[in-house]
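My questions will all concern the structure given below.
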Amino acid sequence: MIQRNLPVLIPLVFLFASLVVSGFGIWKRQLAYPVALFATALAFGVALFGLQHVLTVGSISYRLGGWSPPIGIEYVLDPLAAFFTVVIVGIALLVLLHARIVVERELPERSVAYYAVSMLFLTGLSGIIITGDLFNLYVFVEIASLSGYALVAVGEKQAPVAAFRYLLVGTIGASFYLLGLCFIYLESGSLNMADVAKILPALHSKPTVVVGVLLIVVGMGIKMALFPMHGWLPDAYTYAASTSSALLAPIGTKVAAYVLVRVLFFGFGVEYVRTELPIADVISWLSAAGIIFGSVMAMAQLEMKRMLAYSSIAQIGYVGLGIGLASPLGFIGAVLHVLNHALMKSCLFLVAANVRTSIGHSTIPSFDDSLRRQMPWTMAAFSVAALSMIGIPPMAGFFSKWYLALAGIEQSQWVFVAVILASSLLNAVYFFRVWERVYLRRPVEKHPVVHSESRIESREVRPSMLVPTTVLAIGILAMGLLNALVVELIIRKAIPPGL
Amino acid sequence: MRLFRLLTVLSFGALLLYAASGLPDRGDPDAPPHRVRSIAGSLGAAAYYIQHAQSDANTPNIVTVILADYRSYDTLGEATVIFTAGIICFLLLKRQKV
Amino acid sequence: MIDFVIGHYGYWFVIALLTIGLWGMLAKKNLVKKLIGMNIFQASVIMFYIASTTKWNATVPIIDPAVGSADATHYINPLPHTLMLTAIVVSVATTGVAFALLIMIYRRFKTLDEPTLLERMK
Amino acid sequence: MTLGSDSPIIVLTARMLAPFIQLFALYVVSHGHYSPGGGFQGGAMFAASVVLMRLVAGSAVGQVQFKSLWAVPLAVFGMFVYAGAGLLSMAMGGHYLDYDFLPMTWLDYPARHSFGILIVEAGVALGVTATMILLYDALIEGRADD
Amino acid sequence: MSPAETYQSVVPLFAVLVSLVVVPLILVSAQRPNLRESWTIGASLAKFGLVASLLPHALAGRTAEVRLLEISPGIDFALRADPFGVFFALVASGLWVFTSFYSIGYVRGLNEHKQTRYFASFAVCLSATVGVAFAANVLTFVVFYEVLTVATYPLVIHKETPEAISGGRKYLAYTLTAGVLLIAATAWTYQVVGDLDFRAGGLLEGKSASVETVRGLFLLFILGVGVKAAIMPLHSWLPTAMVAPTPVSALLHAVAVVKAGVFGVVRVVGFVFGPSAMSAFGLSTILAIFAGATIIIASLLALSEDNLKRRLAYSTIGHLSYVVLGTALLTPASFAGGVLHIANHAAMKITLFFCAGAIYVNLHKENVSELDGIGRAMPWTMGAFTLAAAGLAGVPPVNGFVSKWYLGLGAIEADAQLPLVVLLLGGLLSAGYLIPIVYRAFFRPMAGEKGTREASALMVVPLVLTATLSVALGLAPNLFVHLHDLAMNISRSVIDGGTP
């Protein structure tokens, strides 16, 4: 029974978790966290099982309500979806493991609702990934978006403003998607992705379809913060509560990128987006611009979370670039980068959260040597993640760039290759800035303490926060060494037909 | 900046007008969404709903049948959306005890 | 030509509404007005669905025993109605969350005017 | 907290109107099979009656009719009815939300679906009612001291 | 010689890992210096032993290989101890033994801070260097090369003075950029060839590639490895990085880092492009021109530098280009000379740096102009210095002569006059910037108090030993480890097109 119902289980686990959390959490506040954590762990187990099942047995198509696809809604758990669920739920599990103390500190009175909303956020994300229906996707996009706005809003003083702006922009994005979907529906008469993929090839040149595709791409581009549509992101990630940023940044935008992959490659067909309507080219050029823009802006930031936010814009550019290249290698690079960046960015945001918990702020110019002495493990994790972001082998970050560079060279897109490589150096600049302060700058103290490392009391965060951070750092290293395994076993099987 | 916004909005409108010019006439009973079979041969959902709603669910209101049966999962999502909104308002506006 | 206009004028009204909504979101300085723009935008998307999937000489999608259900051309397409029911709920939910955010903003900054707000956020 | 209206006419009218709204709401929910209506519409109407009382009589009096505290549990319950119906059919060996597999063997095929729709609509109605009240309460909270 | 055969062996892997494994041990025993240092020494000895155990096989033309895992589809993370790799690993690990002892004397003599970090980074560096030596394909090479870059950084900024930090920045800017170019070159090669395994005689051999592609690739590769090899326009990080503690300069800037760069150049020329492609596309000429220019200019710059370590740094730049020049000439003798010079220069230059460090620890003198008469105060140190200086200038009994001899022979073989002139001029200039130091040390009166004041035995013994080693290798190039035979094998295998 479990095997047959696999696709629907993961969103359901999160949905029921949110119900339980909000229902019982009202009376027993302490219950909220364990329930949320347990649900996520359960979902992670299911996701892993699903991945294993999909890889050994094959994709699962699930007919919700028992109605076969064009009539009812279809859930599809194929290798790509299974891989994404594992990544997303896995990262969420680690972030939630880390969250307890941060949430207790930052939102003492509202932890129940906060966990309920996080569960709903994950419901939305997992639903988006597994669904095979274009309209159902919209519904889940909205669930994820709404909870995303809320996760942003419970942050610093300015957070509601950032969240409101995010809401406006995000709603435009979702409405664009809906409008584009209307055009597609009017021409194809179907909402099922596989069905649309069969119908559309005959209609490719129609202006309606072209505009529909354009609107969907723009809509999802907004959600994934593709370059000129990124305006909402920096404020949102900066002012959000630390846990929220760690939850949103690594996986929120990635899911929009996933939708783009799904819709473009599985819904509209590879040939179409590559040759007939060169939307893939547009995406890749925008992404390239975004990589440079994000990196340059990140260099100018003084606040660590803000720096990481701009860096996210750059990193989502890699994913976009891989999608835009529309080749197997580019696809591998993009999907691998989703995983790698999820690991790196969540690790970095958790580091930022640890720093905030420990010293109360994360302003880069005020960092100094004492931070390293007080929080050696956190800073070690930071170093690993930063090296990976720069793309030093054998860290994970190197390999996604490697595949993207291979893809760029394969298609003689030298500009993209140059952008990918140059951004490594830009990353180096802004991470190095932090690094140099943390490791080399002497604290400004009244009576300078020299050679007394033992005297400085440790202000390292609690194990429940430290463990996820270090696990992620180790994960970065492990993914670097094992990337070929992931690529060969999973991502290659997920390559869309026709690519 | 204002000009830029105006241009954005106008180009958006122009794009939609261009797209709408390619749409079938409004009310055309033979428009793709209404067909019994799509050009790829798959079932046209809408026609199927009209023809089978009564026999499948014993309910004459087709919209209700689609809403709560054929595409009931959508509706579950929809209910979840509204539930989410409620919890969010609870989360955002509950006064913290100072 | 006349046929084309008659067949398409409905779209044009909706498109006009869409652009108005977008303009409101982009150009208005007051956050509530932006929200109104957003609502117009969402509502016009909904209208676009409904308007574009009408069917001449067809009735509401509730089976009339006198007509039966064999011929699909007797009833208008029920699917967009269902979808838009969902979209309406989504729009309501979004508006609700937006108002919650606006209330939060107002409580903290005592203004909903964007330039003033940006001033006070610093 | 709102204080409510001072005018007896308004209060009286609202008090007389509210039960009828509620009755009509129930009608809309249950008659969704045959005419335009259903859970969302009915739920929204039901919530409207509660909100109406809160508006005219003040939030404090409104609590007598429906306690704010119960909004979240009720919404959860409504959602649970819906999602649980799906889960039940899954547990009985069908797909999620496949009403055919609901354990109601005394009903024939279309009737089971019809009944399933009713359950689901009821769940939606409960959820929407509670959520709407929740929204109103949350948005209005602390208005007096702004 | 028997045809090349490959056998599976984990020895290369252990050779890489042994110093990596001690890193946590070093970190754990931070509070107990003696234990910590014994880890370092143990690792260095073990490493040398492991590498040396590969030598007989390498001499017999047998190549140890270990394939670990696929790191990119079609590309294994693999180590191969081919003769050239063994040669370089032998040099690096052998000199690490000396440096370990010397380091202990040095950091304790100066009471340096953060000694744990120092020794840990050092161990990582050595792992990376041996990894570079044993890398079986370009991607593995890149991985270790980048690890080397990062691991060296903490050593460069060890002093944490503003000068050191800015030197570190410059170092990172150069080497990271180079790393990126190298990655690009690697990716491109993979797309062109579909294979990245190093092969004597050239990976590109027999593959059809357009002139532009090959030239572009060569440019990227040479820029990538040329930074660490300090070929002239890319050299400026090296003198700046001399702010590092002297053992670091000694080992890393005489052996590990810069030699990894030069090693990379040889790998690229001999094992990626191959002699036929090099000459067919006119690449060797370009490389030779740059190398020749570097020799002359660096030597001239060394003449005008007063800081001893910086003078030695410029000298290093010049001598690295001897190797590059030898490689670029593409004759059996010049190639062998270039390869031999890797080892010979390492032995001599490490001696010189050890001496500079000993002088600094003992007398706190850094500049050439302050060295008047110290020969009498530190006779052993300056004696060793003199020997090494003579070797760099190419005076016969010392090993520098041997490699220069082969280089000259190669130039004649290639019928190229200009390189010959450059070699001779380079030798003269080397004498020109090193002999005055010797002269000052022994024939100028010393300022201040007199008397013999050698540095601690931990420092003096290693530097005397390396000086002795230099002479010994000069007298008998095949001594102990058969470096000479090995170099000849390598040269033959590359130049004669893959079949040794």
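By written order: A, B, C, D and E. Residues from 1 in each chain.
In the analysis below, contacts are C-beta pairs under 8 Å (C-beta built on N, C-alpha and C of every residue); 3 or more make two chains touch, one makes a residue touch a chain.
These numbers come from a predicted model, not from an experiment.
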| item | value |
| --- | --- |
| Chains in simultaneous contact with chain C and chain D | A, B |
| Chain B to chain D, fewest steps along touching chains | 1 |
| Most widely separated chain from chain E, with each centre as the mean of CA atoms | D |
| Chain at the geometric heart of the assembly (C-alpha centres) | A |
| Of A-E and B-C, pair with higher C-beta contact tally | B-C |
| Whole-Å gap between the CA centroids of chain A and chain B | 27 |
| Centre-of-Cα separation between chain E and chain C, whole angstrom | 70 |
| Centre-of-Cα separation between chain D and chain A, whole angstrom | 36 |
| Per-residue multi-chain contacts in chain A, two or more chains | 15, 22, 64-65, 135, 139, 142, 146, 149-150, 153, 160, 179, 185-186, 191 |
| In chain D, residues with contacts to at least two other chains | 34-36, 40, 72, 75-76, 79, 83, 86, 96-97, 99, 135, 138-139, 142 |
| Where chain C touches two or more other chains at once, by residue number | 18, 22, 52-53, 62, 79-80, 83, 85-86, 89-90, 93-94, 96-97, 100-101, 103-104 |
| Chains grouped in pairs wherever the two touch, ordered by label | A-B, A-C, A-D, A-E, B-C, B-D, C-D |
| Partner chain D, residues of chain A touching it in the complex | 1, 5, 8, 12, 15-16, 19, 22-23, 26, 62-66 |
| Touching residues (chain side chain C, partner chain A) in the complex | 18, 22, 25, 31, 34-35, 38, 41-42, 45, 48-49, 52-53, 79-80, 83, 86-87, 90, 93-94, 97-98, 100-102, 104-105, 108-109, 117, 121 |
| Complex contact set, residues of chain D against chain C | 34-36, 40, 135, 138-139, 142, 146 |
| Of chain A, residues touching chain B in the complex | 15, 18, 22, 64-65, 67, 70-73, 108-110, 113-114, 116-117, 120, 123, 127, 133, 135-136, 139-140, 142-143, 146-147, 149-150, 153-154, 160, 179, 183, 185-191, 195, 198-199, 202-203, 206-208, 210-212, 214 |
| Touch list for chain D against partner chain A, complex | 69, 72-73, 75-77, 79-80, 83, 86-87, 90, 93-101 |
